[in-house]
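Several structures are given next for inspection.
First subunit A sits with subunit B, and in the next complex the same chain sits with subunit C.
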Partner chain A sequence: MIAPELIEVVKPGLSTTVQDAGRTGYYHLGIPPSGALDQYSLRAANLLVGNPAGAAVLEAVYMGPELAFAADAVVAVTGAAMVPKVNGAEQPIWESFPVSAGDVLSFAYLTAGARAYIAVSGGIDVPEVLGSRSTYALGALGGFSGRPLAAGDRLPVGAAPPASPGRSVPADLRPNLAKDVEVRVVMGLYDHRLTAAGRATFLDTTWDLTPVADRIGFRYAGPELETVPREPPFGAGQDPSNIVDAPYPIGSIQVPGSVEPIILHRDAVSGGGYMMIATVLSGDLDVVAQSAPKTRTRFVEVDLDGALAARADHRKRTRRLAEALAG
Partner chain B sequence: MTRHEVVSPIPGVFYRKPDPDSDVFAKEGQTVGAEDTVCLVEVMKSFHQVPAGAAGTVVEFLVENEDVVDAGQPVAVIEAG
Partner chain C sequence: MTATTGVAPARYSWGGDEFVFVELAEEMSLQANYRAMAITKKLSEARPDGVLEICPANASYQVRFDPDVLEPAELLALLQDLERQVGDAHELALPTRVLEIPVLYRDPWTTETLMRFRDRHQDPDATDIEYAARINGYPSVDDFIAAHSGSPWFTSMVGFVAGLPFKFQMVPRERQIVVPKYLRPRTDTPKQTVGYGGCFSCIYSVRGAGGYQMFGITPAPIYDPSQTLPDFTDFMVLFRPADIVKFTPIDRERYDELLAEVEGGTFHVKARPVEFHLQSFLDDPDGYNARLLEVLK
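Moving on, here comes the complex of A and B:
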């Protein structure tokens, strides 16, 4: 059965892509997980409209799209503070609302965060590629024709489960979107390339997110990190930040040329020759995802036990979200 | 005459010129049409044109070239009409 094309893209926004929980199991072949950069907001948006938590939604970065609906639907917008409007009338965020056939959904300017998630009851029903509907634009894979949305695109929507407008995420389960954020990291695997001073610079600096940040990587401006002098090992480049090529974990922080650390996010390349001095806790990748240019960021070191405790907390919060929106 | 603020719809780096060797898109005192580009904002490695949004005379720019602006931030003032 072919899903009806219920949504027409009038204006695509800046870069709006179809994303779900991600494409796992192919990173070793160079295909990254992709999926919503802020997985918590993805889950919230879906649960608000009665979808499975990992269903496909639209991720809109910095600027919302304009969408015309050809049928009735229930919609929810989570993530960044970007107020949705139905035929110009403002709607709540973190709350489901009805949209009728013929309505146009548009958005006000972004006021906090970076990425809004737009869930539609039934989910965006593009074909699965390697088990996921997520867009990996760099590889022209998945999503809507492997690319961000363009004006005139018509999006298929799946059969809608019963959904009720007016469902709301409780205030204590909504993230706090700030211009000053802390991102927890586990140091390693190549932090031995830094001197004690270089390591202290990394952890003591308030870094500014640069405007080049995208789904592949988030680059931060700040001081140079001091490295330990060495003879490059066989296979590594001459620059002190070069290593013998290694796999890059999602969330790893590399520092090419010892300046401007880059956090790799869910569209990352899978390997290369830059030292990775730390890795962001998986739950805190949601915080990174909601960082807009100029977001001041501190990297806070935790040990492995601290990271596991944070993961347990994150899972508890995700369960509370599911319980709050159940039924 | 009404005061019209040109707003950047996106966050990013604000530029008054199309490239470093060219003249600015619009000078203070210059007359512009509503569709005329008055600046660029660069984000995620691509440039986006920001139109005046109203026909009139450019009164002033509110941010410096290469400053990082927020979404919704006024970047210039136009006396419309």
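Moving on, here comes the complex of A and C:
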């Protein structure tokens, strides 16, 4: 049976949003892609419950929600290590499990990573906005009423494909959630604003993720980066880190005031007036997504060929995941 | 490489594995912006497979692409070819619109907001618009408002957040208003605030943080994600890159009337189609602007 509103939010968690693979084609009007920050975990959660890989799921950051089910479903939780519980009984992560009508799904404390992905067979069936069900909260757009979930919300769930509980992602296809991470970047954009010393500082520092780490951007603490002195171009602004407001790539790293680099993620502001000095590889944005505050981060430079090779590896792994969970 | 004559060659840079960033000029000018518009327009028309996003900006643009479909080297060659074709773009006739945006300058809501953030401002004893008038050499705020609303503005970029337009003043550089941003950004800005930072005016599409000076507020909605208002039946964002905007000062009484129209679902922004020609503008900015704005009469 299909229940039109199968899930009731008892407790919303810290910030839980509906997310899918994201939307394309509106970034030139300031509407970013949004979607699951960790796209690999999104795919895994969906495939575990028999959904299309890009179906809408719940993304819960740091703290899981409490959800009451009004009908039977198959559920899977991936991403951060946040153990799910059905009526208080622990369930495995990276594995699908059954939930019956009347059950309550809750979560233990986060022990590693930052964002858990909760897939339900049939997918979260909020209306598509601009081709996606993803929430873009800054623009009050998409997802559930354009905002994070609140207690009392009732979530619609789509018609469920035949799904079997007990499917599992093989250990070698689960990400390693570490407190020390390496994030690969292509240097460029406005990196010529840095001196050789400033550039070396960026690449040689182990940066600490600050608590300012949300769907828009992740800010890192560390030393100031030295810039090349200049006469400001017309329209740029006086600070050495200012540029004439320019478009920001998803994953680009900007350094306002030459301190505390910020990685823009999938709810990015689409442009602005701060120098960007590098861009995180698209696949490594999943690593950033699973970084909690205090995560020690090194930026590792690769060139475009290196970025494309990493992309090919990432796709290979995604294909293996699909094969492992097929049928 | 020299791709064009008469203008400095663009600078191309990869933004990871999915973006290419192209800076047409380091400094802001209508000429640089117009080249960004012209190149991205041609690219939109060609729309090769694998191109996902085309984002024109003030003096630059970016393209998001899928390198598994479109080889980076192939895309780069295509963009360089478009750069050559477009040249200085002075003779390009660009179909666009003129829009009239009513503004209540010195309104109570931005005034209340700016008073809460005086500790982040260059001149804590003045309002934002008093400060902007003074440092730009205007004898009074009224003179400053006359300048801000006297000539049209070119929408040089839409973004930062959903639907926020950056507007570049269509006057020779020596007459352009320039105002620094706040020393430290505010945590609050009313929705539909008319702001100013560097050489750009903007309209905040949503309430939130901001660093631009606040001059006034418009009753005209510019972003409607629910698409219930009449100007938004086709799309949730009002402004498009290259839209030309005339700010019209209104008083509180008119503001309240227009707000009632918005709330009654009958308000429309006055918008008229025009064709913009850069060389004609550069030859006689004031005369050309006057002719452009006739469509609003």
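Before moving on, here are some points about what is shown:
Convention: the second predicted complex is superposed on the first by the 324 of 327 C-alpha atoms of A that agree within 3 Å, B and C clash if a C-alpha of one lies under 4 Å from a C-alpha of the other, contacts with A are read in each partner's own complex, and residues count from 1 in each chain.
Keep this in mind: a residue touches a chain if its C-beta (ideal position, glycine included) is under 8 Å from a C-beta of that chain, and two chains touch if they have at least 3 such contacts.
Since this is a predicted model, take the numbers as computed values, not measurements.
Once both complexes are superposed on subunit A, the partners subunit B and subunit C fit side by side without clashing. Counting residues of subunit A touched by each partner, subunit B versus subunit C, the larger count belongs to C. In the superposed pair of complexes, A:Pro249 makes contact with subunit C only, with no contact to subunit B.
Of the two partner chains, neither subunit B nor subunit C is touched by A:Ala70. Of the two partner chains placed by the overlay, only subunit C lies in contact with A:Ser270; subunit B stays clear of it.
In the overlay built on the shared chain, the residue A:Leu281 is in contact with subunit C alone; subunit B does not reach it.
Once both structures are overlaid on their shared chain A, subunit B and subunit C have a minimum Cα-Cα separation of 11 Å.
On subunit A, the positions that touch subunit B within their shared complex are 14-15, 61-63, 109-111, 211-214, 292-294. Within the complex formed with subunit A, the subunit B residues making contact are 7, 9-13, 42-45, 48, 68, 70-72. Taken in their complex, subunit A has these residues touching subunit C: 24-25, 27-31, 129, 136, 138-141, 146, 185-186, 188-189, 233-238, 242, 244-247, 249-252, 269-273, 276, 279-282, 304, 307-308, 310-311, 315. Remark: subunit C residues 13-19, 21, 23, 25-29, 40, 52-62, 64, 67-68, 72, 157-164, 166, 173, 178, 180-181, 197-200, 205-206, 208, 223, 225, 236-237, 239-241 touch subunit A in the complex.
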